[in-house]
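Each in structure tokens, the structures are laid out below.
Shared chain: subunit A. Partners: subunit B in the first complex, subunit C in the second.
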Partner chain A sequence: MWVLDTVYRDGVDLWCRDASGTVTRKHYAYDPPFYLHLADPSAHHEMLDVLEAEFKAEPCSFFTLFGELDGFSVHGNRQLAEQIEQQTRFDARLFNVDVRRDQQFMAEQGIFPCGDDPGSRFSADFSCSLRRMEICIRDDPARTPLCTEVEVTGDCTETLHGPGHTVVADLFGLVESIDPEVILMSHADTWLPKFRAFSVEKGLTMPFSRNGKYRQMSSRSYWSYGRMEHKEAALIPDGRVLIDTDESFVYREGGLAGVLMASRLSGLSPNMAARFTPGTLISSYEVYEAVKRGIVVPFRKADAETARKLADLRAADRGGMMFQPKPGIYENVNELDFTSMYPSIIVRYNLSPETLENPSAKGFLPAVLAPVVSLRRETKERKRTEPRYAGIDTLLKWMLVTCFGYTGYKNAKFGRIEVHEAITARSRDILIQTKDLAESMGFVVLHGIVDCLWVQGSPVEVLQQRIGDVTGLRAENEHFDWIVFLPLNDGFGAYNRYYGRLSDGSMKVRGIAARRHDAPDIIRSMQQEMLEVMCTAKDTGELARVRDKVRKIYLAALQRLPLADPRTLAISRRISRTRYTHRCLEGAAVQAYRDDGVEVAPGMKIRYIVRDARRYQVDPEWRAKTFDVPYYRSLMEKAWNDIAYAFGGRVMRPG
Partner chain B sequence: MQIRLRPGITLRVGTFSAVIAPEHVITAALNENPELERFLFLFVCGNYSRLISHIGRTASSFEVRRPFTADQLLTVIREAAHTIIFIEHDPSLFETAERLLEPVGSALKEAGREALVVLYAPSMDRPFAALARQADRLIEIVNTGEPDPRQRMAAVRSGHRADGRPQAQTTLEVQ
Partner chain C sequence: MGRSFLSVRLGVRSLAERWERVSGKLDRDSREHAVRLTGLAKNHSSEAFFGCDNPLEAMVFSALLEIRRNQGEEDDDVGP
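Entry: the complex of A and B
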């Protein structure tokens, strides 16, 4: 049974695809109970009588992460669970209240989406040959009621152009005739509600869903890794996969293969997997695994950290280890990178909420993360020669990155802050151990960030081997012919701003305009052009010889600047708020959007061009006609300074 | 056992007090009262405590617990068996858990029958007001005296007085 989509509506609907590509709906009656534990059931006997009479409550025992509990199974919904909480003055412990029922059904049945061989869930070799259709809409969804220019690619490419109502009606016709299993559509989640309003008004049937039904996800703004993100409301069709190619992080990073892999692991429909963050995916994966193993999932996160002495807390809560680099240019440098360091630590050191008190028990987190870690090792290796594994590898990388942060997340079902701290404590020990080891073997340690170490010296293969032996973790090596560690404003080395030439002839760049999404195109492409020239230099001697050529790129860009197309100067920002107490360019941009009738929400991305920086005057990208030349010249100069440092800094050679 | 916040303002065992005060007043009250070392002290704060890095208490009787959800806060209060329970208010805990304001307030009141319970915030907000409704006393100390040393440093850096007014020019500019 190859499941393409899953929905819970008075039972579970599985949309299954057969070998011929026909998709049909299978309905299963399913009404799982949630579980209730009371410290003193006799104190709530009246409530239990009602639950027994009206909600089929029955005494039972069930397994939590920390062991077996006696309690009751109750057939009811979340609302009932919340009433029980109120009634018991929040003494009740509830489980399996908010697990997605379609996911729970599949976990219990041992099936998963996008695959039909039960043994292949952790395999990177699965079919992605779905009938797909790409819909590229040229219009701006924030400013136009209906699209007027659309390119549709199925078996062939068609362009639809004309009045909105005609284009949308034609698009509906194409979806119906091609009948794709997967639709990849730009800004799908913004367009679909508009299409629905149009279809209701004109009496048309919107053909994205196979049975005319849509699930609704509401819009929200949320904090993720220190920045505000915004998710549009979404209409999700039944029986067909619809991916918003602009908004889906998983699709952007991992492509369709990444979305399908996320769905296979998490047990969520690809429609949901495409719309969730890696953090939600890893948590869904843990929930699927818990249900599969017969462990109930807590409804509320009520178990707080244990009481600690202040000194213990200060010692434990210190995060990752850093070694600050000395800014400069270095030749023959090796970057040793621990593959999936934090998840590997969880697995190797058996770190899980329940093993903190009972270290000899086999931990839930290590058990469920181990197959993902080994799958990541495999895809990381295979993508070097087979690019089709790159999307899956990236998805796994993100899921594993977030699995660590998730242990400390306040609402993590299977997280606990002490586990988070134990992981970082181990990582600090490992990085220090590795540094000491490298230095004892005659290497010079230049820089270190959490799970990476930059060293000069040889033989690096022996060092790698020794690191593996001592730490039990695998360290990958990338060799730089030369690398530039940039300075901070105060002259000390920046942790995360560097670039260099790898021995395969490519450049690795971090933290400068060429890699920053917020930098204007004109500056990003200027720096990329410079780096392409620098990439031809195999050592610092050759690098010095391309200086004039690189400088010419800068001077030419400066000269062209006054005549540049304003759209190439757009600055992208993800806004964290919509009200600003101080005057700033970002605040002016938010106001400019509003003046043009575009509603903004925290987490949304905006693009603006600076018309007059001193007066805080900016224009949205679509309105810009002029720009502040001196302001952009200063941005260009900053970008040049990052590059020019490679020609002026001190060269450090090994030994 | 009591904590002296200001002359004439003391907090005693067997009460639940809601206190609004400048941070330096509270840290001074916690750091400069050696008698507190003799009692079991539980300091409760969220993920972004403004006080904890300024507390110089190292006694083994001084313990910290950090709830990151309102449900965890309720558990922490219910499990506390300390003589002094000090809660640094974190409004973010209640952003999606307003349902717990009343039970948490009641748990603080209940704990205040046996212990000295302090709910502290530097300024009033809606969750604090809801929790403080069940307090025996609401104490607000307004910063009229000497400024917080940290505030003073920030003012010096920004070229303003600690009260926010611009500093007068003290040297002549040389062209």
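Entry: the complex of A and C
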């Protein structure tokens, strides 16, 4: 059974695709109970009587991460679970309350979406040959009621252009006739509610759903990894995969193959997998695995950490290890990077909430992460020669990155802060062990950051081998012909701002405008052009010889600046708030958006052009006609300084 | 993700800024030494965080280490 989409609506609907590409709905009656454990059931006998009479409560036993518990199975919803919590003054421990029922059903049945061979779930070789349709809408969804210019690519390409009502009606016709399994649509989640309003008004049928039904996801703003994110509300069609190509992180990073892999692992429909963050995906994957293994999923975490002194907390919670680099240009440098270091540590050192007190037990987290870690190793290797694995590899990378963070997240179902601390403690030991090993073999360690070490010396293959033997973890190597570690304002080396030429002739760039999404296009492309020239230099001698050529690019860009198209000067920002107490450019941009009738929410991305930096005057991208030339000149100068450092800094050669 | 109290590394940064501000208030002769001292204190603070629990400890360790190193170099310069 190849499952394209799943929905829980009075039972589970599985939208299955057969070999000929026909998609049909199969409905399964399914009403699983949640589980209740009470330390002293007799203290709550009246409540239990009601649960038995009204909600089919029955005594049973079930397995948690920490062992078997006696309790009751109860057929009720989340509201009932919350009432039980209140009634028992949070004495009750509840399980499987908020597990998605379609996901739970599939985990129990041993099936998963986007694949039909139960043995192939952890394989990167699966088919993505779905009937797809790409809808590219040129209009800005925040400022246009209906789209007027659309390019549709299916078996052939069609362009729709004209009044909104005609274009949308024609688009509906195309979706109906092509009948795709997957729709890739720009700003789909913003357009669909507008399309629905239009179809209701005109009495049309919106054909995105196969049965006319849509699930709703509400909009929300949330903090993720220290920054505010915003997710638009979404209308999700039944029986067809609709991906918002602009908003879906998973699609942007991993393409359709990444979305399908996420769906296979997490047991969520591709429609959901495309809309969730990697953190939610790894968490869902753990839930799927728990259900599959007969372990119940806690509704609220009960394993709170023990009270500790602040000094002990500080000592335990230090994060990753860093060795600050000395700014400069270095020749013949090897970057040794531990593949999926944190998840590998979880697996190798058996770190899981339940193994902290019982280290000899086989941990849940290591057991479920092990196949993902080995799949990532495989895709990382295979993508070197077969680019089709790159999307899956990126998806796995993100899921594994976040699996560590989730161990320290207060609401993580299978997380515990002590596990988080144990992982970082091991990682610090490993990085120091690696540094000592490298130095004992005559290497010079230039820089180190969490799971990566930059060294000068040889033979690096022997060092790699020794690292593997000593730490049990695999370190990949990338060789730089030369690398520039940039300085901070105080002259010390920056941890995450560097660029250099790899031995395959490509450039690796981190932390400078050429790679930053918030930098204006004009500055990003200027720096990229400079780096392309620098990339031809195989050593620092050749690098010195391209200096004049690179400087000319800067001077030419400066000269062209006053005549630049204002749209190439747009600065992108993800706003963290909508009210600002101090005057700033970002606050002015938020106000400019509002003045143009565009709703803004924390986490949203805005793009603006600075008209007068001193007076904090900015324009939204669509309205900008003039710009503050000296302000942009200063940004250009800053970008040039990062590049010019390569020509003025001290050259450090090995030995 | 994890807890969020000031890390030793960030603590060093804020202490160093304070030391730099203090340096600016000193007379010209002392100012130069104070600025250098702040630099020495920051030199190894990022590695020192591995073993030190507070930023001041990391900065003092880093400064003393560098001072000792400079002394060693001076000792080496002195002939027999």
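Keep this in mind: the second predicted complex is superposed on the first by the 652 of 655 C-alpha atoms of A that agree within 3 Å, B and C clash if a C-alpha of one lies under 4 Å from a C-alpha of the other, contacts with A are read in each partner's own complex, and residues count from 1 in each chain.
By definition in this document, contacts are C-beta pairs under 8 Å (C-beta built on N, C-alpha and C of every residue); 3 or more make two chains touch, one makes a residue touch a chain.
The model shown is predicted, which means the values in this text are computed figures rather than measured ones.
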First, second, both or neither for A:Ala234, with subunit B first and subunit C second: neither
Partner chain in contact with A:Ala639 - subunit B first, subunit C second, else both or neither: neither
Which superposed partner A:Leu369 touches (first subunit B, second subunit C, both, neither): neither
First, second, both or neither for A:Ala425, with subunit B first and subunit C second: neither
Partner chain in contact with A:Ile417 - subunit B first, subunit C second, else both or neither: both
Partner chain in contact with A:Lys301 - subunit B first, subunit C second, else both or neither: first
Contacts of A:Phe90 with subunit B and subunit C, given as first, second, both or neither: first
First, second, both or neither for A:Leu313, with subunit B first and subunit C second: both
Footprint overlap on subunit A, where subunit B in one structure and subunit C in the other make contact: 311, 313, 417
Complex contacts: residues of subunit A adjacent to subunit B: 82, 85-86, 89-90, 300-311, 313, 410-411, 417
Subunit C contact footprint on subunit A (complex, rising order): 225, 311, 313-315, 317-319, 321-324, 405-406, 408-409, 417, 420, 428, 432, 490-492
Contacting residues of subunit C [partner subunit A, same complex]: 1-3, 5, 7-9, 16, 39, 42-43, 46-47, 49-50, 53-54
Sites on subunit B touched by subunit A in the complex: 42-43, 47, 52, 55, 57-58, 60, 62-69, 71-76, 99-100, 103, 106
